[in-house]
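Next come two complexes, and both contain chain A; in the first it sits with chain B, in the second with chain C.
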Partner chain A sequence: MKAVFTFSLMTLRMLFRRRTLWGILLVILLALAGIASVPSFDVSNQGRFILDFGLFGIEVGALLLALGLAATLFPRDRETRTLMPLIAVPLARWQYLLGRFMGAALVQAAALLVTCLGLMLILLFHRLPIPGDLLPATLLIIIEGWFLLSTVFFFSFFTSPPLNWPLTTMLFIVSQMSVAEFVGIMPSAPGLMRTIRMILPHADVFHIKDPIAHGFEIEPVYFLIAIFYGLCYSAFMLSLALAVFRGRDLK
Partner chain B sequence: MADVHPLQVVNLSKQFPRKKRLGSVQAVANISFNVRQGEIVGFIGHNGAGKTTTIKCILGLLKLTNGRISLWDDVPAHPNVRKRIGYIPENPDYDDSFHPMEYLRMFASMRGLADVNSEWMKLLKRVGLTGWETTRIRQFSKGMRQRMSLALALQSNPDLLIMDEPTGGLDPIARKEFREIILEENKRGASVFLSSHILSDVETICDRAVILSGGKLMAEGSMTDLLGEEHLYRITVISRKTGEEVEETIPEADLQSRIDSIRKDNLPIVKVEMALKSLEDVFMAATGGEKQ
Partner chain C sequence: MKRVCIPISTLILIPVTLTLLLFTGCQTDYDITDVAPADFLDSEEHAPHDCDIDHDHSDGECEEESPEELPLDDHVEDSHAGHDHAPGTRNHGTQWFFNQPWAAPFIWKKLFRDGGIFLALAVAVFFISGRRRKK
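After this line comes the complex of A and B, so read on.
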């Protein structure tokens, strides 16, 4: 595992040195500032408005970070041939995959925590209370981000980055849909659509922005179940990615 | 007990599917050879002969269509086997936001080696990168990237060095330095598998050569076998008819009788010299001089 940790640190350093991370982070923070500057007609609703849209902004940020950080990692390593000396000698393929994923996941988590901090500062600026569940809600978005990251990794082993973006975004949208909404896409085959929806990820478990915005308390066990589900689904996607990667010739 | 070779390739074949599923391309067809302990083996062939494909198969980067590859009687993917290999890829590249010391430290950690700063400084000095230890790789020339690649390959004191065109694009001085390092490593006990276009390099430092053409093994043997043990001599005389210099190559055994016969004919001998068969002659003969 030492090799994996070292390689993840190498990935972390590499991603921090790339402009993509800072560009995406700036876009998310500007979007949050934009949301906060929209005047609310009802002053009592302003906190709810900022929280609701702010958490939504962080969630979209998780998708952008997953795509921006990971969609080009493997294709770029292959094109620039940086992959060859790594895979040929010190690293096995699973170590490469896990190392790159862990590095990108840490960078993504750090960036999302910064956006959460940004949201807190905006609330403080408006002299609004910071809900206790804001940090746990961000944690769930980080877990969702990791799931998206694993999806991006999976697609990156057999598609190009321009194709990876729409595929991951599509899965992101589908994962937010309820069973009824999904069946509505093809009402003629409800059984099939229900089965497909069962298999596809349920990212709605990570969304607690509405209860937080409305001041409802979330049970700790819910957090644990959602985290467990997210980590399991990420591991599943990474296993699929590894299966594809193992079968690939590295020309 | 049979000798355990550092590298053994048996009936290796590799096919690549064509685009749009229109059949397949045979990159390497049924080749067998080995690298014995302490040997330097040259791997030569024209562009597209299948050298890099073979090396990538050896390193587990490509799946074999057929055949078997073993490194010290083990599968190439085995972690213990990989630890014993040093690899220099063709046209090596690295993440250019890093510098050589960072790379050496990370590779050391990934290889389970102790991170000894002074050792890495010595290694960079050995490959000619003194003064560049903390310079970002983006500022490196092609030759410097190759030197960096050599440093990473030598870091673990490998038992087998696999080099894919390590001196391609290097200036003559750098090529000489590379050759010297390869010989030093061989003296230390490392076996070397050297793929190269530069036949003079292979001829100078290799014990044996494997010649590939069109994915097929055309010749294999020790340098002595390939170049021939028999010494040839070239006699230059002035032709009586044309007055021009005429060259004649004859085996050593016939040299004295031929000189006697020329003297008898009163032909002026300009010079008598050893005619060395070069690896290029062997290569051209083995591949039919074809360019593919």
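After this line comes the complex of A and C, so read on.
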């Protein structure tokens, strides 16, 4: 595992040097500031409005970060021919994948925590209270971001980056759909659609912006279950990615 | 003749995963409203109202005026005008809010089970894909 940690730190440093990360972070923070400046009109509490849309903005930011950070990692390694010497001696393929994933996941988590701090500052600027569950809500978005990251890795092993973006975005949208909505895509085969939906993730598990915005308490055990679910699904996507990667001829 | 060696972990995980997938509950997916217990759904019928007149109303609406006596547009507006719901309760206007996983403890076991299945699948795929490469 030492090789994986070393490689993930190398990935982390490399990603921090890239301008993509800072560009996406700036866009998310600007979007949050923009959301806060929108009047809530007849919504009774401006704080609810900012929290609700702010957390949604952070979630979309998690998608952008996953795509911006990971979509080009493998294709670039292959193009610059740094991949072959890496997997020839010091690293097995699973170590390469895990190292890249862990590095990108740490960078993504740090960036999302910065956006959470930005949202807190915006709330303070508007003299609004900061709910105690804001950090746990961000933690769940980070878990969702890791799932998206693993999906990006999965697609990156057999598609080009321009195709990776729409595919991951499509999975992101589909994972937000309820079973009834998903079956509605092809109502003639409800059993098949329900079975397919079972394999797809349930992103609504990670959404607690509504209860937070309305001041509801959430039981701590729910956080644990949601984190467990998200991590297991990420592991599943990573294993699929590894299966594709192992089957690839890199010559 | 080459000797084929399959790891014990793979031999255990594959049948366990298949068994889990063949459970009736695992074969198809469902929404919260599909499996919600009656008391969860009934809470919208019995949510406390602050009606002007205290009386029974089985359809969740107060009946100071019967729907037939109202014009269509007035009925839409007035059907909710005669009563108030206690804040933070499930009712006909807040179903979407309470039909989310955080508010439905009866679905948490399913989430836990799904997580276990995905984890088992992940381990199985990891070992199986590794075996293919060794060949």
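Note that in this section the second predicted complex is superposed on the first by the 248 of 251 C-alpha atoms of A that agree within 3 Å, B and C clash if a C-alpha of one lies under 4 Å from a C-alpha of the other, contacts with A are read in each partner's own complex, and residues count from 1 in each chain.
Convention: a residue touches a chain if its C-beta (ideal position, glycine included) is under 8 Å from a C-beta of that chain, and two chains touch if they have at least 3 such contacts.
Since we're looking at a predicted model, the values are computed, not measured.
Steric overlap between chain B and chain C is absent once the structures are superposed on chain A; the two fit side by side. With both complexes placed on chain A, chain A has more residues touched by C than by the other of chain B and chain C.
Of the two partner chains, neither chain B nor chain C is touched by A:Lys209. By the touch criterion defined above, A:Met14 lies against chain B but remains apart from chain C after alignment on the C-alpha atoms of chain A. After overlaying the two complexes on the shared chain, residue contacts for A:Arg197 are found with chain C alone; chain B is out of touch. Touch criterion met: A:Val179 reaches chain C, while chain B stays clear of it. When both complexes are overlaid on chain A, the residue A:Pro85 reaches chain B alone and has no touch with chain C.
Touch criterion not met for A:Arg100: it reaches neither chain B nor chain C.
When the two structures are aligned on their common chain, the gap between the nearest CA atoms of chain B and chain C comes to 8 Å. In the superposition on chain A, the residues of chain A touched by chain B in one structure and by chain C in the other are 247.
Taken together, the chain B residues at the contact with chain A in this complex read 16, 56, 59-63, 77, 79, 82, 85-87, 89, 91-95, 97-98, 102, 106-107, 109-112, 149, 152-153.
Across the interface of their complex, chain B is touched by residues 2-3, 6-7, 9-10, 13-14, 17-18, 80-82, 84-85, 87-92, 247, 249-251 of chain A. The touching residues of chain A, counted against chain C in their complex, run 93-94, 178-180, 191, 194-195, 197-198, 202, 204-205, 207-208, 210-211, 214, 216, 218-219, 221-222, 225-226, 228-229, 231-233, 235-236, 238-240, 242-243, 246-247. Interface residues of chain C, counted against chain A in their complex, comprise 26-31, 34, 88, 97, 100-103, 105, 108, 111-112, 114-116, 118-119, 121-123, 125-126, 128-130, 132-133.
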